[in-house]
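As written, the chain order gives the labels A, B, C, D, E and F, with residue 1 at the start of each chain.
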Amino acid sequence: MKTISNCFIGCDKPVENSDLLIFGAPYDGTSSFRPGSRFAPDKIREASYGLETYSPDYNMDIEDLSIGDIGNVEFPFGVKDKVFEKIKNCTANLSKMNKKTLCLGGEHLITFPIIEVLNGAYDNLKLIHMDAHADMRDTYIGEKFSHATVLNNISELIGQENIYHYGIRSGTREEFNKIAKYNNLNIKHSELSEKIGDDPVYLTIDLDILDTSILPGTGTPEPGGFSFKELSELLFSFRGFNIVGADVVELAPDYDFTGASSIVAAKVVRNTLCTMLG
Amino acid sequence: MKTISNCFIGCDKPVENSDLLIFGAPYDGTSSFRPGSRFAPDKIREASYGLETYSPDYNMDIEDLSIGDIGNVEFPFGVKDKVFEKIKNCTANLSKMNKKTLCLGGEHLITFPIIEVLNGAYDNLKLIHMDAHADMRDTYIGEKFSHATVLNNISELIGQENIYHYGIRSGTREEFNKIAKYNNLNIKHSELSEKIGDDPVYLTIDLDILDTSILPGTGTPEPGGFSFKELSELLFSFRGFNIVGADVVELAPDYDFTGASSIVAAKVVRNTLCTMLG
Amino acid sequence: MKTISNCFIGCDKPVENSDLLIFGAPYDGTSSFRPGSRFAPDKIREASYGLETYSPDYNMDIEDLSIGDIGNVEFPFGVKDKVFEKIKNCTANLSKMNKKTLCLGGEHLITFPIIEVLNGAYDNLKLIHMDAHADMRDTYIGEKFSHATVLNNISELIGQENIYHYGIRSGTREEFNKIAKYNNLNIKHSELSEKIGDDPVYLTIDLDILDTSILPGTGTPEPGGFSFKELSELLFSFRGFNIVGADVVELAPDYDFTGASSIVAAKVVRNTLCTMLG
Amino acid sequence: MKTISNCFIGCDKPVENSDLLIFGAPYDGTSSFRPGSRFAPDKIREASYGLETYSPDYNMDIEDLSIGDIGNVEFPFGVKDKVFEKIKNCTANLSKMNKKTLCLGGEHLITFPIIEVLNGAYDNLKLIHMDAHADMRDTYIGEKFSHATVLNNISELIGQENIYHYGIRSGTREEFNKIAKYNNLNIKHSELSEKIGDDPVYLTIDLDILDTSILPGTGTPEPGGFSFKELSELLFSFRGFNIVGADVVELAPDYDFTGASSIVAAKVVRNTLCTMLG
Amino acid sequence: MKTISNCFIGCDKPVENSDLLIFGAPYDGTSSFRPGSRFAPDKIREASYGLETYSPDYNMDIEDLSIGDIGNVEFPFGVKDKVFEKIKNCTANLSKMNKKTLCLGGEHLITFPIIEVLNGAYDNLKLIHMDAHADMRDTYIGEKFSHATVLNNISELIGQENIYHYGIRSGTREEFNKIAKYNNLNIKHSELSEKIGDDPVYLTIDLDILDTSILPGTGTPEPGGFSFKELSELLFSFRGFNIVGADVVELAPDYDFTGASSIVAAKVVRNTLCTMLG
Amino acid sequence: MKTISNCFIGCDKPVENSDLLIFGAPYDGTSSFRPGSRFAPDKIREASYGLETYSPDYNMDIEDLSIGDIGNVEFPFGVKDKVFEKIKNCTANLSKMNKKTLCLGGEHLITFPIIEVLNGAYDNLKLIHMDAHADMRDTYIGEKFSHATVLNNISELIGQENIYHYGIRSGTREEFNKIAKYNNLNIKHSELSEKIGDDPVYLTIDLDILDTSILPGTGTPEPGGFSFKELSELLFSFRGFNIVGADVVELAPDYDFTGASSIVAAKVVRNTLCTMLG
């Protein structure tokens, strides 16, 4: 008997035996354009069964790694504070057990409560931010916490100089000016390696960094992005960093009529897992 | 030169000359199943141009009526209190000018702040509730205010005995027990007329009262509902009531691939306008 | 070897052996709302292979009838006069051979050139018009010949008193007033039979007579229409009339995502064939 | 933590405590028109979470019943014999434990191996067959076992006189002649009750018995079928029969763009469960 | 109150204050393959609100520029001469006021009446033609004026030697031979600059120059085209030319299920505006 | 009169006059993920009419070549042995007449019976295998013959050293180890030319070699593949080889909502024909 699978492909290890744990955060409450990233965690898991567990690029097999999947954080829609609290609790519990985490979003705002916890747990936390949008507004329609402000919120926690951006191609003039202050946009691997060293690193991957040709199924598609190969090579280059957590956000499955965007997201997750444990 | 139209078809009268004003409330923050009713107000307006302004059933023409359309209330996503406040302000302003209102939702929760205002403005307010779902839960995933509790919230304001339900076919045993106390489900026109008399009436139309065959484009489709003709006849039977306000909620345009659900919604709005001013 | 089929299911008789010939008129040049009925003739043929040739209602099998399918009239898009000329030539050729015809539209305007020819070929031609829309405007956006005026154009040829309407539920007040003059809307079978007698009859079926629940794939969907069974019973009631021609128009396959509208159209065609030769 | 659910809503009892067990048979190998019913079992389970467990019609709650869900039978595609064998094994195991079964298809052919087993387990087995198509061909494209022959195959096992058909509206003249011999098409409840008495009954529900307006997402849509209410009333009328097994087949989720067909299928399953245990 | 926007994002200046005016020409009457570019002008405006007004590539903000949007030219469908006349009137009016124009098509044929006017208004007009298809046929299905002949029509007005083609990858042997005569296909920027000098330039962008991966939503998709970045770089290279007018044609929104094609089109428009006024 | 076309565009030569014959093999019986490649042969033919017969890259026109199209092999679904037998008969008949063949799949398994025949007809047959997946499993869910094993099956016929793979990016570790033995993955043209020499060559093109951005409409999309241009250049490089047969497999039209995947498939077929006869 085969039943519907609860976990990302190959990530079926018990919590106690796992080095890394996947959890979903199906929140899309501040999405201003096209909602529905709430459906992404389960859809990514489902789509993962169209892939192999083996990656020829990494020469690694997910089944050989110690990864579990604890399902989704559950919360009521429409109440941002409770959502933050639940995500923080989940992250804190895993962090206390010394587990690495990979969170399946949800919208980009879910990165904030995770970083709040990890910033307390690790010294000198660095963030690698892959995205089409700067997300560096001070406020958005009068709100301080939003998918459009999340990187600004995080920069107040860990310092903007500790954030390295890749793929940003959309924002206001003010956002681009803010980013320009630190020269941390699309820097080369050698420079990145030097800056990061052995410090703990968190990867946040807003899937709209990809071009709309390869990932139309997202809340705010922005033409002119990375090809799948370009993102894969970028992720591959992060092997060897001390990556303590990651998230993959902003898949909107209801706009993914062919199912291809979900498969792309699942392969990004698979490659991120290999990078984290490779 | 023809430009994109701002208003529901034929509803282009200035505010001061209007007896009735349309406004949109594009909020879907507590939707638990399929979001996107935020897109409904603009989509309903757009789809209305596929209809005639003349209704042969009512022998009335929208263009002959004094109706304006003031656009949508604007609010940040993810902050329920501010949404309530903005909808209340808008309703209060129109109410002070003695205008009737028709609100294009949005999810069903938007009815609550409207009733809060109208309940203060009118004595003995009655509610006619058309819906597939009871929406009579006390709380939903721990929250008191939600699309699944909204009728319960309203019953605390105006008294459950003043609510008349049509079309309810889904709920928990507790919700059906609650409703059964007052014998107000699917009552005949003669009984309804007697109970309502000349009291002010508010109509709330959750479009999922319709069968999923005619309206698949909604957040929580429930098979076994009204045909379009059945709903039209019900609405037609309300002519002559003292209707002071109405709303049409829960169209989810992103699941309406053929565009037919949006046209259905627009025709329900047209018929509701005729009922209110006929 | 099986190849793509050229003909409506079971309608593979040579022209000389056929009592009735099918042809397509893939014109949608005046469609004002949603174009694409140009794709209908081929799509209806394709969808017909999902049906049986046998109809239990009629106890007739299409394969037992003498019907051929001569394909589509070909014309350049954007030149209405040439389209009319080509459709007239085709109809005239078949009429001279004493063949009955069934035309697969295309938009409703294609009925006009057919009637022009048949009105010359037959005395006392009667028209049975099944439609959601009156199509009785004098002009439409300044044009005399349009899908929205076609019944008015035809009434000038054969006299409005010879047109019997079924299903009309949308139009301007003027159009409904025009129709009301002759009391020919939705009349009972006995009255229709008396009026028609043995006169030659033409059936024009705008598929939007059907409710949008059963036929969303059309240019101008209008909620509140016939169920499939209601239309089937109406068509069945026309057996025994002297039907010399028919058309089935306004399927818009690109809005028929599930394919169901095309199958509905094909079954309407099958039933129309049985009615014509039954 | 909430995880992807493995079971139909509310059907989470352990096998040993269950009176009835659900299993899926995701086979669509002989589908000749539109494949993909293989995806139905999991999709029906997923869609069931958009429904309540409580049915107001039955005044029963699925959660109060003793029902489990053992997932899907797994088999290689393209090898009919092995598929039959696996379904027979599964059915036999459950039958030996005296469990009632409800199978989620898959195409209609999956009913045959189930009946093979149950016909051995029960005397005087009766079949109630709900379907748009007769499925009574002797062979189909040269094959004896196919979705188009399955009722003929079953009639050889249990006798055609023990099969009661509802909703058949498509078939060849030969198939309708076969059925006509036994006068078992759409018979009234009183006659059905008399014929069945206390004998064990199996219900097979091909979802295309429903009209294409309410269920476009199926392999071979056939216009002119039952409304959801008509099917619900038919199912409701079977309460009190000694129903030992049932199946719900031929949902094709990939043609169900709005998701409504899957919800319809799930509600049919919920109502069937209530009928079986009511 | 926010209402449905009438204008392309940020292009809200009054006519008298504008250097450049946007207008729509929603004509698709000669489309031979997939119609629906009539819906493009309004869809491009709507999709533009998913973009920022600021372009980091140009370091320009649309809101800082003097651009207005006067809506769509209105005309009856199916009458090519009237369409031409209306587009010419609109272009002539704007030209007399010394405004630059950007027209949102519609099909490619709408370029012809615009060029007819501008060729009278400017000496030595040059055309830069971006397209997948040569559009250089003499006639198409017997018609001289068609989307498939429009460049040939224009070459008779301004001389083929003044047309510079980019991206052409589909045509007949005859069309490619015609183009080959002037060596004006995909020429380098330096050569183009030399040929154009200070002469007035018109840009016509058939969006199908883009690869079908990035722009599936068009009438005649042709695989093997430009990536979004390649087209963006080409457009960027035209800064400094004396560009007096432009058009962006052939988006077919009804085939753009994910909405991504419309966003691509809107970003092409934004970049074209920056090129014209940069 | 124009009728639905039976043949790939321009491939209308009689069998006796043809050097190359196209046939379809609409089999998808072992598809494990998303079925529906059965619809591909007819859809590719239909989509081909959106292309020109002339290829500027090859400077060849399909209409000038001697190519016929004999339609599809017909077989019952669900019986793999009969499918193999019918494909073998068809291939053998054409081979005896010394015709080259191009087969439109269908799933990848259809290559096996073709190679069985051609391996008997030609000495030293070489295979060029373009694919995302290795298809080199020994068995798949217990079956020896499957879309996932087909290259392994073929390697047992012609020797793995005679198979040259391009584009493989997904498989198990075992499959990649198998392939690695012969160093035949993505080898350069010069090396390929040397190995092949004048030997007879068969091309098998699994369309999922293409990136999911350009071909989402396939059974098992795998991100990170070839662009259309890269595949076109690879195919172009095979001119001059002694190509005796080819197939193009695994288009799944039901997941190709925009129609672009089918057009891509048709252009791959057109280019393959030019390569074979160039």
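Everything below uses one rule, namely that a residue touches a chain if its C-beta (ideal position, glycine included) is under 8 Å from a C-beta of that chain, and two chains touch if they have at least 3 such contacts.
As the structure is a prediction and not an experimental result, all values here were calculated from the model.
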Tell me which chain's centre, taken as the mean of its C-alpha atoms, is farthest from chain C. A
Using each chain's Cα centroid, which is most distant from the centroid of chain E? D
Per the centroid of Cα atoms for each chain, what is the distance between chain C and chain F, given in Å? 43
Go ahead and note the Å separation of the Cα centroids belonging to chain B and chain F. 56
In angstrom, rounded to a whole number, how far apart do the mean CA points of chain C and chain D lie? 38
Where chain B touches two or more other chains, by residue: 34, 74, 211, 213-214, 255, 257
Residues of chain B defined as touching chain C within the complex: 50-52, 54, 56, 59, 61, 211, 213-214, 227-229, 232, 257-260, 263-264, 267
Which stretch or stretches of chain A touch chain B in the complex? 28-32, 34-36, 38, 74-80, 82, 140-143, 146, 254-255
Chain F-facing residues of chain E, complex: 33-34, 169-173, 176, 211-214, 216-217, 220-224, 255-257
